[in-house]
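The following pair of complexes shares a single chain, subunit A, combined with subunit B in the former and subunit C in the latter.
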Partner chain A sequence: MGPDISHHPLHGADGSVTFSSKLCSILAAANGPVEVQRRDELPEEAAVEVNIRPVSGVSGPRERWLESVVAAVLRSVLHLHMHPRTLIQVTLQITKAPSSTLKGAVQDVALLPSLINASFLALADGGLPLRNTVAAVLLAVVSTGEVREEPSEKELVGCKSLHGLAYNNHGDLLLSESAGGFDLAEWERIADQAEETCRAAMAPLDEDGVVMEGTTSSGPWLRQELTDKAQAAVAWREAT
Partner chain B sequence: MPHATRPSTNESNFLLSALRENLRLDSRALDQYRPISLQFPSDPDVHGQTDVRIGKTRVICNISCEVITPYPDRKFDGVFTINCELSPLMGAGVEVGRPDQTEALLSRILDKSIRRSNALDTESLCIIAGQKCFHVRADLHVLDDDGGIFDACCLALVAALQHFRRPDYEVHGEQVTVFDVREREPVRLTLQHHPFCVTTSYYDAGTIMVQDATLLEEQCREGETVVSMNRHGEVCQIAKYGGVPVDALSMLSVVNQSWEKVTMMDALVREALLKDEREKDKGGRMKAELSAENERVMERPVG
Partner chain C sequence: MANGTAKLAGLVFSRETFAKLTPGPFLQAHLQQPEPIRPNGRSLDAFRTPTIHTGSLSHSNGSAVVRLGDTAVVCGVRAEILLASDIPHPPSEDTSEDDLVERLGLLVPNALSYRVLSLMHTSNLIKPGDLRIQYTEPATEDDLPDDGPKIVTKAFWALYIDVLCIALDGNPFDAAWAAVIAALKSTRLPRAWWDPDREMILCSPLANETHGLRLDDIPVASTFAVFSTGSALKQRSEAESWVLADPDGFEEDVCSETVTAVVRSDGGGVESITRLEKSGGDAIDKAAMGRCVHMAQQRWREWQGVLHGG
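Right after this comes the complex of A and B.
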């Protein structure tokens, strides 16, 4: 059981997706490549702009920071050199946020993996040229010292530390944001587990649709989503 | 920055010649609305969130509230603000951080029809005069624009205000206790009336009138009037934009036609709210028994 995803819910944006995990739900839209403002224009590659819109209130420093983190990840995923002097615009509308009773840093880190996953799927839906596939995961070290994947809100309240990590399909670490107290050995253990989970999310399937490498509870949800989408896109050809 | 695509001359000529024969491209009658759908969150503890769709137009509204100090010149009033900002979710034509005309008009219309018509009784949001009051904040997010965002936003906002519950509180002298949702059943907001907006578009120097125009129809029109009124026929505001002159008699007929639509929207919202309440009312009759407004049973001391 992976997150709840629905493709292309919006008509106006080039690519869009609704992404709901246990903690939050996000509506992501990607537009691009579009005309860029003079001051943002880059001569050799496309500029990436990420806008995060909270459920209530206007976006502030916290959203600005999240935007910068997400933008950095997307820059390493997109083929930016293919559209020089243009803009790739990603808008992330949060429709359900983790409870506001959580600590600030915990709230931010809890959001990040969902933001990354949602924006990646929106970019894929918008047909933008992508260099690689990325999956992000949220891991929490609960009070007993156990590591939980995709923790629930209750587990977040008493957790020792919380880690949001993203890996691409080559196993490169693209994002690492943590909150709480932990040591290096612990982080390494968590990073290994995160890599395994991320790679499992996009593990290749064999002809019968069976996972070829690594298995986790959520299965290869990202690979499945993208395969289904690609199949739906060519369904007309098979029907005729 | 990119602009929204304008319809081609052929497209607009086709639309106009069809309208002259009383036809619309989606085969609706000239005064017919597209199907309106209204959704509330499935979680029974979440209040004040609505998702409104009129055809392809989609708006979500979220109401939140917090306790603040009231403005010194309005000691007996709570604060109610409406926040609507258009985003590139609607398409690449929207620039972030630079409000354009649609956005300015939208917030002005909503302000006039809901806030300044006193739909929400701000006095009821006051906790202690001059010290504590509720700040109710409505955030509107336009997700998709296929025409009629004024109507959709107004509908979403009114439905969300009716759906919202503010936390209950208790005052002991200067001490205020605001209760958590789990401690006490939250309370509805006091709404004095439910205004709705109806937009009418004009074509051919005001001779053709169309309600609930799609985006293409909006781009081809010469002028529009936005009428906000409640189901009792009380007009909150009339705004007319675009250069086309309209005579007073046709304005009256616009108001009458809008009234019809407003009654339809009001019934739709009421039905959706009732349905939502019935679905989430798991406690059945116990809910009335558990209401915070009931008198408290004081236990008599033993002996």
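Right after this comes the complex of A and C.
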């Protein structure tokens, strides 16, 4: 019961994915390594460019800021030194976003985990060399003080604080965006829960496809996606 | 020297050349000392001392210049009247007070500062009550005598907040946020009232009839940069990292990972966090994040002295 993912909806892009979670849907495309404009060229590594298109209207300062956050995470996921003087471009079209009656910062934080997950899956679909696997999760402290994983829009309206965190397979914290009112102890508790959830999303499976460690409601959805993708890639060999 | 050749001079760089050629190793050489000291002479957890001048722009309702080392930011606040009858889709009655400022767009910053605007709304810095221009309707015969006087909001003050960075040496966000706070603290709004005969808002020119904005607990932003020697070409265990408080321009260029913590007072102590952001790398774990928040809380006390004193 993870997010809804469909692979390779776009045929022109190197890698693409549509990613739908409870709150938002994102169409992500990854291209790379491609030729880079002179002014963005880096001598020792690939440049990373993230473009975000909102549901309606043109992108503005808000999207510029979201782009910079997503690009910072992708830089620590990609093997940039393998393609110096090139560009890795990720385009994210938001097709469904949390309603605009929410506070600005809540909308931003609610979007970020989906943007990270979508762009990671698009990079994996495009076959780009990656240093590690990353999973992001959204946690909300609702008005009763409970912590909700992947909250619904209703729960976001009155939430005390909202946290978007991303962990890689080594358990390193790659992104943490929190907004609202909370204290350090609360954040630490949330970070623990987020790490557990992210690890569960990529928990290894045994031969029968049963989760070996940790269980959550959503199961190892990321591991499952990547396994399916790898199996589809070698299907031709088994067919012959 | 017997054969007459001069001894070759060793390859020696000046400090500036070393910093320019290889900024990463230059910073690392400083940080690897037993007592790490940054190239700018500060210790790892030392912030720059802020200085604030308020009221230097005479045509705005409030203004401030904040200086953090070689970073200087000027902020001006100008108040204009938004008539309630001019609001195309008035928010419904049940919109909470906290959301009102954001829904009506009563704070208008220039494009430089999306994070600043977002933080202003998250922290509910401005009380909508301060921005309302209200009018008590005279009692009519239809009114029940028990009802109190009917108060209607005729207009709102909209605050145009302009932030301009006049010198940049790293960490513009902390300086911009402090400049906005200081400018809002110095803002004086003239007394305004609804004139029923002329059906317009009138403002008093008298300086002693102005009122300020109530900013009770002031959130303070502290930014940290993380310098890490880790790379994809090395073992993960070989990576070392240092957290640098209040990075300057040189350090910002070398460090990719940043942490920003915005803390505010929660009643008596400084417990509450309003915004916590971290991105760009994997060197900061939970414990390091805790240390950053503690440093941010100390910095909060430092800023309170400067903001309330200045």
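Here is the rule we go by: the second predicted complex is superposed on the first by the 240 of 240 C-alpha atoms of A that agree within 3 Å, B and C clash if a C-alpha of one lies under 4 Å from a C-alpha of the other, contacts with A are read in each partner's own complex, and residues count from 1 in each chain.
Keep in mind that, in the parts below, a residue touches a chain if its C-beta (ideal position, glycine included) is under 8 Å from a C-beta of that chain, and two chains touch if they have at least 3 such contacts.
Predicted model only: the values in this text are computed from it and were never measured.
Taken together in the superposed arrangement on subunit A, subunit B and subunit C fit without clashing. Of the two partner chains, neither subunit B nor subunit C is touched by A:Glu238. By the document's definition of touching, of the two partners only subunit B reaches A:Ser16; subunit C does not. Contacts of A:Arg131 after superposition: subunit C is touched, whereas subunit B is not reached.
In the superposition on chain A, A:Gln93 makes contact with subunit B only, while subunit C stays out of contact range. Using the contact criterion defined above for the overlaid structures, shared-chain residue A:Glu146 touches neither subunit B nor subunit C, since it reaches no partner. Within the superposed three-chain model, A:Glu44 lies out of touch with both subunit B and subunit C [touch as defined at top].
In the superposed model, A:Trp187 lies in contact with subunit C only, and not with subunit B. When the two complexes are overlaid on their common chain A, residue A:Val69 makes contact with subunit C while staying clear of subunit B. The partner that reaches more residues of subunit A, of the two candidates subunit B and subunit C, is C.
Of all Cα pairs spanning subunit B and subunit C in the superposition, the closest are 6 Å apart. Overlap of the subunit B and subunit C contact sets on subunit A: empty, with no shared residue. The residues of subunit A lying in touch with subunit B in their complex are 9-14, 16, 27, 29, 31-32, 34-35, 37, 49, 51, 53, 55-58, 89, 91, 93, 95. On subunit C, the positions that touch subunit A within their shared complex are 99, 102, 111, 113-115, 117-119, 121-122, 231-233, 236, 256-257, 266, 271-282, 284-286, 289-290, 293-294. Listing the residues of subunit B that touch subunit A in their complex gives 1-2, 56, 58, 60, 62-64, 83, 85, 87-92, 96, 137, 139, 141, 143-146.
Here subunit A touches subunit C in the complex through residues 60-62, 64-65, 69, 72-73, 75-76, 79-81, 103-105, 108, 131, 168, 170, 172-184, 187-188, 191-192, going by the rule given at the top.
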